[in-house]
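Per-chain numbering from 1; labels A, B, C, D, E and F assigned in written order.
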Amino acid sequence: MAEHNLFLLLACLPFATSLILLTLSPNARGASTWLSGLSLVAGLAILAGFLPGIREGDVLRASLEWVPSLGMNLAFRLDGFAWLFTTLVLSIGVLVVIYARYYMSAKDSLPRFYALLMAFTGAMQGILISGNVLGMVVFWELTSFMSFLLIGFWHQGAAARDGARTALIITALGGLCLLTAMLMLGHVAGSHDLGVILRSGDAIRAHPWYGAILALFLLGAFTKSAQFPFHFWLPGAMAAPTPVSAFLHSATMVKAGVFLLVRFSPALGGTEAWFFTVTGIGMVTLILGAAVALYRHDLKGLLAYSTISHLGLITALAGIGGPVAILAAIFHICNHAVFKASLFMAAGIIDHETGTRDMRRLSGLFKPMPITATLAIVAAAAMAGVPLLNGFLSKEMFLAEAVYWHNGTWLDNALPYLAIVGSTLSVAYSLRFIATVFFGPQATNLPKTPHEPPAWMRRPVELLVFICLVVGILPALTLGAIVNIAARSVVGPDLAYYKIAIWHGVNAPLMLSLIALAVGTLIYALSAKAIATGPEGPFLLHRIRGQRIYDWLLFRLTWRLPRLALGLVSTESLQPQLRLLVLTALAVAVASLWGGLSFAPELRLHAFNPAFALLWTVGAACAIGAAWQAKYHRFAALVLLGGAGVVTCLTFAWFSSPDLAVTQLLVEVVTTALLLLGLRWLPKRRSEIPEDKLLPAKIRRSRDLVIAVVGGLGIASIAFAVMSRPVVSNVGDWFLGNAYYEGGGTNVVNVILVDFRAFDTFGEIAVLAIVGLTVYALLRRFRPAPESIEAPDQQTMADSPSVDDYLFVPSVIMVWMFPILIMLSGYFFFRGHDLPGGGFAAGVTLAIGFLIQYIASNVRWVEARITVLPIRWMGFGLLGAVTTGMGAWVFGYPFLTAHARYVNIPLVGQVPAATALLFDIGVFATVVGAVVLMLVAIAHQSLRASRRREQEELAARKEAA
Amino acid sequence: MSPLDSIPLFLAIPVAFFVFLGATLTLIGALGFARLNSFYDRLHAPTLATSWGTASVMIASSLMFSFIDGRAIIHEFVIGACIILTTPVTLMMLGRAALMRDRAERSDALPEEMHIRPRPQDPPAQT
Amino acid sequence: MSRLFPHPVLAVSLIFMWLMLTRFSLGYLILGTVLSLVAGWAYSALHSARPRIRRWSTIPRLGVTLFLDIIRSNIATTRLLLTEGRNGRQSAFIQIPLTVTNANALAVLSIIVTATPGTAWVEYQTDTGILIVHIFDGAEAEHYHEVISNIYEPMLMEIFE
Amino acid sequence: MSGMILTIALGYAQIALALAGCLVGTRILRGPRAQDRVLALDSLYVSVMLLFLVTGMQLGTAFFFEAAMVISIMGFVSSVALAKFLFRGEVIE
Amino acid sequence: MISEHLIIAPILIPFVVGALMLLYDDRQRGAKFWLSLASTAAQLLIAVELVVRAKIGGDIGDAEGMSFYLLGDWPAPFGIVLVLDRLAAMMLVLTALLAIPSLVYARAGWGRQGPHYYSLFQFLLVGLNGAFLTGDLFNLFVFFEILLAASYGLLLHGSGQLRVRAGLHYIAINLAASLLFLIGVSLIYGTTGTLNMAHLANLVASMPGEDRPLLHAAIAILAVAFLVKAGSWPLNFWLPTAYMAAAAPVGAMFAIMTKVGVYAILRLSMLVFGETGGASAGFGSGILIMLGMFTVLFGLLGILASQGLGRMAAHSVLISSGTVLGITGFALAGGGQAMLSGALYYMIGSVLATGALFLLIEPMNREDGGIAAMLALTADAYGIDDADMEEEPDVGLAIPATMAVLGGCFALCVLMLAGLPPLPGFVGKIAMIQPLIAQTALPAGLAWGFVALLILSGLATLIGMARIGIQTFWANDVPLPRVLALEIAPVIAILLILGTISFKAEVMLRYTGGTAHALHDTAAYAYGVFATPRAADRPADEEAQQ
Amino acid sequence: MEIILSAAIGILSASGIWLLLRPRSFQVIIGLCLLSYAVNLFIFSMGRLTPGAPPIMPKGGFVDPTLYADPVPQALVLTAIVISFATTALFLVVMIASRGLTGTDHVDGKERSQ
């Protein structure tokens, strides 16, 4: 149990540290260093505690339930391989922390840097110790994200931003592929537990999805490990602070990909597809990386390509997949981490102390910084594979695998040759590094005068180089055992102990090594001048730059193409959108009805009435006329609309709906007034727009005409199909039967509105109120077009009579109508429950009463005499309706339960008293408020315009005076 | 059996007459409205409908429903009253709007002397 | 009382209208009265000046004259409309200087003119007091000039001024 | 007998009124001036109102009355608004 | 007794508060804000209580945890019935969770940009909550109109050319869609004689064959109206412009507006065309899947092609809508409950994240000067003679470490929307993909295509957002913006909620799983609606017990 | 009669749709009005046509539902009328606001050629 908790602690420790670091002040340099370092050391201590068990081949497990139903848990699993790798990560982490303390300048917020670093460490460690593949993906993505932030730590530079973004996109793309692969693996294996998946290799390889899984999986691994053709993000990432490069881009994160390859080789490996892709890509990357590295002028660039090349080597080993190859891969992971981290740190020191990393400028640094130089030379020698250093050992093993391992394919046969090319080039670039930087004449024009760095900045390098040496000389004593354990935990307990030795006798690999050293030296010696003055890449190849292709592709795929595509499939204009809407509705309706629309066998038709038909010829003509005139003769269109409206009213009345006829008429009146009020602000259109006569406009119009006709035909035929069908049994019958007995009213429509379905009405008044408010709010910010501010032409004509003169007689009658309309409003209100009418009709009637007064004189005159507070009316109306509805609660009934009874009043007799009436008062008040608010809000714009004109005139007159 | 059959003949004849009269007047008015050439002439046509046209239909309706309901039904006359009240407003305002527009355009629809607004000092002209 | 019923004539007509619309009952009467009160207040808010009717007795006379005139001009106009194109009708504008200036009186006059087919109120100018009426049958111009300025106008002045 | 007389009269009235509506409808369409259209719309309202009353009598129901009344009292409001727009260029100032 | 009426509280509380605030002077914004906040908080509490009730079953009309409320005490299918089931309860909570941060954010400045903001906001909640609760088709129309009307008002809030132009399109399209809605609903009534959804579900299996095409047409037309609201391609071109133009807190609320359309489609299609739909079962599933896919694709392209964050946020709304639409199609085609459960979970997360993103846009793009600059930008030169333009001091304090906080919040939103761990976007996508790839009954091409789109949309989001984020936070030399705590606290709150949703994913998925199950169980829904007793019919002793 | 009404609905819809697809905001608003007439009539027609029998009940006694017009579509139309009135008003105001701010009455706030 203690072990379990310690294990969880190990997993959480870096994250917790990161959070604490975030709270530190940016100046807490010392504290943050100590905190980070100690946290990592604590992690190492825990790992050390686990060592005895690991030695025994135990697998430590711990798990936190997260989403068990998806098979997604934070399950942790520590075996030899994970232990070794985690230890490596944490150890280098400690050194990087120390190094960064001196490397980062005072301007950088060290706590924030460490916080990111710690979070990254936690994520990296998470990948290594995940026991659940989905959990692994979680950490995997997290490393991509944290590395993005770390690369962009110095985001003032464009290179850092671009590098960070490229790294993020490439690795996240890989991560998503990996996620899919893991989900598929989980489906195939029946579990997302890593152990289960690793044991289901046979099932996986036999599954039809194997190819897809492999492809997606490898995409994940290759992008992370910067394998060709995704290698280019790694050099770009060198814009990061050097500690980040040393940690993420050499020792840890980039190794996550190869970790994955090694880890999953039992499950996915062992097939030709695996071998060809993994080893093939690995070899290409090995050679290509090494070749480019030789030509890079930037110190970190050289190291970055060298890293790519070494990652290729490890990948190739994983592709071979045999027990020894796996062991060699693991071993090389460790070795490369050690020497490459030290090299990066050394490069950082050089950069830090000289101010440049350009190898064409650096020269003869041995003299001013002998210790650093010595350390770097040893580390570079390890990178080149010089005997007695750790790099030599694992490279020997690789060469041995290349020579001795066989599966009979052409690639297998080519392996030794490819390996030797890679090794040779790696010797050459290591040599170039040493020779140009430390030897030759001492550079004079460096930005800073070079000298040794602070001692503690060098300590991590010293330690790492020391390890290079110790491991190189005493491999079996140092790493031999643990590498064996690690390999066994990957390939299985059957693996025989492999003794790593310096001396295997004179054999092919040794000969190859020596050849590589010799040829490499020769190549460098011959081409040193050409390289120093040439482009940053081998012959012809330097023109093909991964980054540039990537940029080109990214630009095309994620910017140009989407914009082009959107331009083609979308529009910002309204007309095409409405056309699409109409067409879609037509399409779905036609699709649903195609071949299925049937008319009743016996059409249910009513006798033809000529009067009705005659009036509809007027109505139809008006509708068509309105459509025809709406562009150039708005006023006419408005009148025509009124004509169509009145015939619609007639239809409602004809077919037994007096309520509808009344309401439609009232609304018609208000709508006409509103539209007229709006007409004032529209541009005058006296002459034809010339474009309207051109062919495209005609085509547009004909097309729309076809759509309109088809749409009209469609809706007409649906209407006819339903109207001529026999009546289906419907809820209306129940309403008819129960309106009087249950709803206490004889006008069923009104009883539905205020009782049976009062909730609809409740919502409807809310809509009215909202629209009123919106209109009001919008118009307070109304700004008329400049040419509309002027008074209309009619008012500016020389001989135009004043409005008071015009309205002198009419206004008298219009004022008389006010009390009449109030009476009428009351009439509609009180009889609504039994006969046509109701709160809505009453409200609109009263609002029309107000409207007439506004028309009869002017805003100022009316408002000096009557004050309507429409928003208050709305507020009271809404509250009245809702409280009436809630009143039912008091009696234990649901909202809006109506209560009707007859009250006997002396002399008067039976008087109906229904709560529905109260509800209707709410409706009435809201309707009055909303309609008046809208009318008045629009009407006030004319007043504002005229007030503005008056002010301007006044100002002009004052100026003149 | 339509409700119309229950109306006694002595009532049916006046009802029918008034209905006929009202409808015919309205139709004649509409006919004139469609045929007349000048706006100011057309201004007269609808008044046939709004004066006796409406009135006679009102009377007919009132007679008939008073019989059906067995009590005096006179609410039709509210309609009549309102028509009488409101028609002038429309016609006055339209007529003057038309006059102003015709004056502004110096339209042929107006006789020459109507093109200028009478001024306070002008002696009233007579036609 | 005048606060409660600012316009008694109006109130009574409104109640009458209410009772025409509804059926007569005490309940409706009360309701109608209350409503007419509200309506009266609303009207007086707009029109604080109380229009006063000075001579009630002229009203029936006016009514009868108008009724006959309406019938007469209905017949005349119908005839003209039916024979349109063959009767050589010429329409005309007439200008009638009015002495009545009371707005209510003018409103009633406008109702009279409008209700009488064959005459159309076209323009009334407050500054000149000139009323322009369009006459459907120009031959009757003299007659209508006469009727308006010598019959209706004096009656209206009797009633309102 | 009375039923027949009334049926004929009302049937005739219906058609006559509808025809009247058609005739004024032509003016709504033809104009020629805006004032003609407004006047025509006003007349259409009146025709429809009378048609309501006549149809109500034909069917023996009083339920057409409200609609007719609304036209008689409020039909003029649209016409007035339209007329004022013609005269002033705006409806409420 | 109170608990019985709790179902309707999410509609009535904002209604009452919204109406009440109309009686206040417009300048009493402080009071209005606190009233609104109290109302919204109460809605949240009640919604949570309703979720609990939906989980364990209510005391009235218990049908698998559903509760019913007969408005006006009229029995179904005649009266209108409110139905509280797991889905509705969940949507209520989601609405309230989004509303509170948006409201608080508006307090920092937007609430002052025009009159009656808070009332409109409350009415928007009325519409949303009502749409989620109602069990009646026409009532659904009414609530749609409420929420649309309020959204028109809120979209136009602050005025200005951009907003008004976008508003014109938004309104025109939605008006046209509303007409389609009416045609659809009335056609349903014309062919089946009912408006009650449960009744409709009961009737559809036994419909005569000759009426079935008409019903299909009705629902298809209705669906077009819903699809417009849901932002489905090709009916969604208005959406990015409108959402982008809206004021930040309004944009945040809009994140859930599309989901109302999705909700309606999900609800209605499962009820009518689910397994019990007889000959109509599965109607339209194929087209729904295709539309979902096209919508995701469109959103994906849009995110990549966008230059501004607002437009990107709007397109991510589309992606989330399209995803849920597509999964609805799969579920309708018989894809099972698991993926629907995942989609619902994903929807919760994506709604909240897009909401947070909308709230971030404005502080991120604010060059300097805080609210004052914003006011200056939107104020029109003409007609500021009104009371709503008076200068008020900024409310609240500016936050320290602005860039870090903003950047952190933005990054988390991106992680969520791109479907990267550890936020719910990741969990949700896994919860959808797992059943999609495991499902063999579905056409493999569609399922895999959908999976690919899900993954690619995440990548596109990442690419697009990273581009913008880098530009804003890394490549910008402008002085540090002044951001108020009141503006950033809501974002942080939403992110915390997102974290919790992710952390408690198992609980959430169990809930959404139950929801998906209930959605498939049409019979329980219909039974519950009809079995609900009227208050008047309840025996006296039972009433005494309550 | 059913044929006349169907044709009327069709013509109103066609005119409305045509206007809806026009570029000027006033055309669109007139189109929306015509469409809402059409839709209101459509809803109304879904209850089938019943001339001369409004759903107004006698006070008491047995009611034969088949004799009366279906009240439900009427109630729906009433609500629809109110709502479409409100939204038309809103659209109108947005239309004039847009005209004021953009200087044009084109629905896109700019002329096509621009």
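Here is the rule we use: a residue touches a chain if its C-beta (ideal position, glycine included) is under 8 Å from a C-beta of that chain, and two chains touch if they have at least 3 such contacts.
Here the structure is a predicted model, which means the values were calculated and not measured.
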item	value
Co-neighbours of chain E and chain D - touch as defined	A, F
Taking each chain's C-alpha mean as its centre, the one farthest from chain B	A
Chain pair with the higher count of C-beta pairs in contact (A-C, A-D)	A-D
For chain C paired with chain D, centre-to-centre distance based on mean C-alpha positions, whole Å	22
Distance from the mean Cα position of chain F to that of chain E, given in whole angstrom	28
Between chain A and chain B, centroid-to-centroid distance (C-alpha), Å	69
Between chain C and chain E, centroid-to-centroid distance (C-alpha), Å	61
Per-residue overlap in chain A, given as positions that touch at least 2 other chains	572, 574, 578, 582, 609, 612, 638, 647, 654, 656, 658, 679, 715, 718, 722, 725, 730-732, 735, 757, 760, 764, 767, 771, 774, 778, 781-784, 794, 801, 806-807, 809-810, 813-814, 816-817, 820, 835-836, 938
Multi-chain contact sites of chain E, meaning residues that touch two or more partners	138, 142, 145, 149, 152, 156, 159-160, 164, 168-169, 172, 176, 183, 187, 189-190, 195
Of all residues in chain D, the ones touching two or more other chains	14, 17, 19, 21-22, 38, 40, 59, 63, 69, 73, 75, 80, 84, 86-87
Contact graph of the chains (line, ring, star, complete, other)	other
Chain pairs in mutual contact under the definition given at the outset	A-B, A-C, A-D, A-E, A-F, B-C, B-D, D-F, E-F
Residue ranges of chain A in contact with chain B within the complex	794, 797, 799-801, 806-807, 809-810, 813-814, 816-817, 820
Partner chain E, residues of chain A touching it in the complex	65-72, 112, 134, 137-139, 141-142, 145, 148, 152, 155-156, 158, 161, 164-165, 168-169, 172-173, 175-177, 179-180, 183-184, 186-187, 554, 558-559, 562-563, 565-566, 569-572, 574, 576-578, 580-582, 584-585, 588-589, 591-593, 596-598, 715, 718, 721-722, 725, 728-732, 734-735, 738, 755-760, 763-764, 766-767, 769-771, 773-774, 776-778, 780-784, 871-872, 874-876, 878-879, 882, 885-886, 888-889, 892-898, 944
Chain B to chain C touching residues, read off their complex	25, 28-29, 31-32, 35-36, 38, 40-41, 43-45, 47-48, 50-52, 71, 74-75, 77-78, 81, 84-85, 87-88, 91-92, 95-96, 98-99, 110-111, 113-114, 117-120, 122, 124-127
In the complex, chain D residues that touch chain A	14-15, 17-19, 21-22, 25, 28-29, 31, 34, 37-38, 40-41, 44-45, 48, 51-52, 55, 63-64, 66-67, 69-71, 73-75, 77-78, 80-82, 84-93
Contact set on chain A toward chain F in their complex	572-575, 578-579, 582, 603-609, 612-613, 616, 619-620, 623-624, 626-627, 630-631, 634, 637-638, 641, 644-645, 647-648, 651-652, 654-660, 663-664, 667, 670-671, 674-675, 678-679, 681-683, 691, 704-705, 707-709, 711-713, 715-720, 722-725, 727, 730-733, 735-737, 739-740, 746-749, 752-753, 757, 760-761, 764, 767-768, 771-772, 774-775, 778-779, 781-786, 788, 834-836, 840, 930, 934, 937-938, 941
